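Presented below are the structures under discussion, each in the form of C-alpha cells.
Both of the next two complexes hold chain A, though its partner changes from chain B to chain C.
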Partner chain A sequence: MDYNFHWRPVFNKLPDLLEAGLLTLEVSLLSMVIGTVLGLLLALAKLSPLKPARWFAITWIELARNTPALFQLFFFGFGLGAFGWHLSPFLIVLVGLSFNNAGYLAENFRGGFQAVPENQYRAARSLGMTAFQATTRIVIPQVFKIVYHPMTNQMVWAVLMSSLAMMVGYRELAGETQFLASKTFRIFEYFLAAAVIYYVIVKIILGLSRLLAWRLFRYE
Partner chain B sequence: MIEIQNLHKYFDVHHVLKGIDLTVEKGEVLSIIGSSGSGKSTLLYCINGLEAIQQGEVIVDGVSVHDKGADLNRIRQNLGMVFQQWNSFPHLTALENVALAPRIVKKLSKAESLAIAEQQLKHVGLADKLDAYPSSLSGGQQQRLAISRALAMEPEYMLFDEATSALDPELVGEVLETMRMLAEEGMTMICVTHEMGFARDVSDRVAYFHDGVMEEIGTPDQIFGTPVSQHTQKFLANVR
Partner chain C sequence: MNETVTFFSGFKINDLFFLGEAALQTLMIAAISISSGTLLGAICGWGLAEGKTVVRWTLNSILDVFRSVPLLIQLILFYNLFPIIGFDLGPFASGIIVLSMYTCALVASVVRGGIESVQQPMRRAARSLGMSYLQSMRHVIFPIGLRAVLPSWIGVALGVLKDSALVSVLGYVELLRASQILMTRTQEPFLILALAGAFYFALSYPLSRYSKQLEERWAS
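Then we have the complex of A and B:
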C-alpha cells in the first residue's frame, strides 16, 4: 500500500466541514419536524373511515417506504423540474427527506395509536372530554411514548440519509466533503473526516434522546 | 332521574338489548346482575352515550341522551363511569389523573382542580398516593383512583361496569367498601356486578338481565329470596 495520507488540507478546511455539519443537522431536524406533523396526519388518515383519505395515505406511505430515498430526492429535484417546478437544492433535500420521514413515521404512529387501548379514549370521553381533548390529552401522550424510540431511529436515519444531498448539489456535510475532495484530490481523508463528524452527530442525538426519555417517561 | 324507554341496541345483526324499560330515581342504588353477554354492560354504555342505540330513548334529568342535538360532553359530566379495566391514565400522577377533567372540561383554575382532586383522593383513601403514577399502584388502588376521578366531576349519577371483576380476589374488598361508602352518602348508582353480596346488602333494587331482556326487577329480598323467573332461579342457583 503506497497511499500517503495528507491531513493538512483537511485540517485547514475543518471549520467548513463543521459548518456543513450544522447544515446537515438543520435540514434533518427540519425534515423530522415536518415529517412528524405529516406522519401524524397520514396515520390518522390511514385509520380514518374515509376511503379517499385512506388511499392517499396508503399511496404516500407505500412510495416513501418501498422506493430508494435517492429516487425520491430526484423526483422532487429533476422530476418536478421537468414540469417547470424548480426547487432550490436545499428545498429538494428538505421536501424529499420530509416525504420519506412522513411515510416511515406514519406507520410507527399508526402502530402506536392501535397499541393504546380503546378504553383509554372511552374513559376520557366518559369524563366529558371532547374527542379532541381525549385524543390530545390522553391518547397522543401515550402514543408518543410508544413511538419515541422509533422516532429517534428515524432522526438518525434522516441525518444519514441527508448525505444524498450531494447528488442534487446541496452542500451540507456530504456535499461539502465532495466539493473539497474534488478540489484537492484528498478524497479518502475528507470522507474519513466527514464520517467521523457524522458519527459524532449521531452519537450526540442518541445521547440527548436517552436523556430526554429519562426525563419524560419517569412514570414507568 | 334516569328513564330508559323501550331501548333496543344492535351490534350489526346481533340484538343485544331487546326493549329495556327502566327508571332509576335520585338516591337509588340499582344493581344489575346476569350472565356474561346478557347486555347489562352495554346498557351502561348506552346510558352515557358511549354506544349508539337503534330504538327507544334514554332520558337523564329530562334530557334525551341520544337526541341529535344533545350535548353529550355536558351530560357525561353528570354521569360518572367506572370501568372493569380501571383505565387510569398511565402518563399522569394520581393527582393529575383526577384534576385533569375538572380543569379542562369544567374550566376550573389549576388550584381549584388540584384542591378537588386532593379532596377526592382522600375520600377514597388514597391521600398518601397523590404523586404516585398508576404503574406503582395496585389494581384496587387504581380502581379507587378511577372512582375518585369520576367523583371529581361532581356527578349526580355513578355507573359501575363490573368494577371488581378484573381485580385479584384480595383487592375486591377495598373497592366494594368504597362503593358501599358512596351508597351510604346517597349517591345514585347503577352497578353492573357479579358480587351478589354487594347487590344484596347495598342495593335498593336488583335487576336480572337475560339475553338482552330485563327478566325481573325488585327488592334484593324479592330477587334473592323469591325470584319469579326461571332464568333468575337458575342463575342464582349457579352463582351460590
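Then we have the complex of A and C:
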C-alpha cells in the first residue's frame, strides 16, 4: 500500500462540509414539506371520482416511482431547458426531490386513507361535524398515525437522494465534497468524511422521529 | 466542397443503437448486482433472524451503514478505495461490488422479515414432525416466508435497477450516461431523456404492477 492518507485538508475544511450538511438538510426538509402537501393532494385526486384528476395523479405517481431519481433531476435540469425553462441548480434539486417525494408519499397517504374505515367519517358527520371538521379532526389524525413511519423513511430517502444534487451542480454536502475533493485530489478522504456526516444526519433524523413518535402516540 | 464543420449534429438512427447498447449495460449491471446481492442478502438476513446476538448486532451495524449513506457517496468512496488497497478495479467491477453490497443490505432486512413472519408454533410443528432444522427451513419457512416478502423483494430489485443509473458517476456508460453524452452532442435533451425514461418505465412499471397484484392476491 503506497498511498499516504492526508486528513489535514479535510479537517481544515470540516466547517465548510458541515455547513453544506445544513444545506442538505434544508433542501431535503423543504422537499419533504412540498412533497407532503402535493402527495396529500395527489392521494385525494387518485381517490376522487373525477376521471381527469385520477389520471393526472396516476401519471405523476407512476412516473415518480418507476424512473430513477437521477433521471428526474436531469429531466427538470436539462429536459425543461428544451422549452426554454432554465432552473437554478437549487431549484432543479428542490423540484426534482419534491416531485419524487410527492409520488412516493401519495401512495402511502392513499393506503392510509383507505385504512381508516368510512364509518369513522360518517360517525363524525352524524355527531354534527362539518365535512371539513370530520376530515381534519377525525380522519387525518388516524391517517397520520399510519403514515408516520413511512414518512420518516421517506425523509431519510430524501436526505440520501439529495446527494444526487452533485450531478446537477448544486453544492450541498455531496456537491461541496466533490468540489473540495477535486481541488485537492484527496477524494477518498473527503468522501469518507461526507459519508460519516450523512450517516450522522440519518441517525439524528431517525432518533428525533422515534422521540417524536413516543411523544405523539403515547396514549395509544 | 462547401461542407461546414458542425459540432452539434441532430439525432440519428445510429444513436438509437448507442442508447440500446447502453440500456443493455444497465440491464447487465442491474442483473448481476441484484442476483449476487440477493444471494448475499439471503445469507445475511438468515444471520439477522436466527444468529446469536453478537452476529445479529455486528451484521446489523455493518448493513446499516450501506442503508444510511447515499449510494452515490458509496460508489465514489469504494471506487477510490480499491486502488489504495491494491485492486485496480474499473468502474464496471467497482459499480457491481458496491451495488451488490447495497442490494445485500436491503435484501437482508427483507429476508429477516420473511423468516420472522413465520410464527413460532408453525416452526415447532415442523420440528416436532421430525424435520431437521435445515429441512424445516427449506420446506416450511422458505415457502411461507417467500410469499410474505416477494413483493418487497421485487420493490428492492426495481430500486436497484433504478439506482444502477448512479454508476454513471464513475464514468461507466450505462443508459443515463449515454443519454447525457447524446444530449451534449445533439442538443436535444427532451427527446433523449424521454427515450431513456421510457426504457426505465417500461421495465419497472409492469413489474411493480405485478408485485402489487401478487400482494393483493396473497393478502386475501
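Criterion: the second predicted complex is superposed on the first by the 220 of 220 C-alpha atoms of A that agree within 3 Å, B and C clash if a C-alpha of one lies under 4 Å from a C-alpha of the other, contacts with A are read in each partner's own complex, and residues count from 1 in each chain.
Just so we're on the same page, a contact is a pair of C-beta atoms (placed from the backbone, for glycine too) under 8 Å apart; a residue touches a chain by one contact, two chains touch by 3 or more.
Everything quoted here is computed from the prediction, not taken from an experiment.
Visitor: Figure out whether A:V202 sits in contact with chain B (first) or chain C (second), or with both, or with neither.
Guide: Touch status of A:V202: second partner only.
Visitor: Quick one: classify A:Q142 as touching chain B (first), chain C (second), both or neither.
Guide: Once the two structures are laid over each other on A, A:Q142 reaches chain B alone.
Visitor: Counting residues of chain A touched by each partner, does chain B or chain C come out ahead?
Guide: Looking at chain A, the partner in contact with more of its residues is C.
Visitor: Looking at A:I92, would you say it contacts chain B, chain C, both, or neither? Reply first, second, both or neither.
Guide: Neither: A:I92 stays clear of chain B and chain C.
Visitor: Taking the superposition on A as described, I'd like to know which of chain B and chain C A:R65 touches: first, second, both or neither.
Guide: second
Visitor: Name the contact category of A:G81: first (chain B only), second (chain C only), both, or neither.
Guide: A:G81 contacts chain C only, not chain B.
Visitor: So, A:S163: does it touch chain B (first), chain C (second), both, or neither?
Guide: second
Visitor: Contacts for A:A194 in the overlay, against chain B (first) and chain C (second): which applies, first, second, both or neither?
Guide: The second partner, chain C, only.
Visitor: Tell me, which parts of chain B touch chain A in their complex?
Guide: 48, 50, 73-74, 76-77, 79-81, 83, 85, 87, 89-93, 100-101, 104-106, 133-135, 146, 149-150, 153
Visitor: Show me the residue ranges of chain A that touch chain C in the complex, using the header's touch definition.
Guide: Touching chain C: residues 1, 3, 62-63, 65-71, 74-75, 78-79, 81-83, 156, 159-164, 166-167, 174, 177-178, 187-188, 191-192, 194-195, 198-199, 202-203 of chain A.
Visitor: Under the stated contact criterion, what part of chain C meets chain A in this complex?
Guide: Contacts found on chain C: 65, 68-74, 76-77, 80-81, 83-86, 158, 162-163, 165-166, 168-169, 176, 179-180, 183, 188-191, 193-194, 196-197, 200-201, 204-205, 208.
Visitor: Residues of chain A touching chain B in their complex?
Guide: 117, 119-120, 122-130, 133, 137-138, 141-142, 145, 218-220
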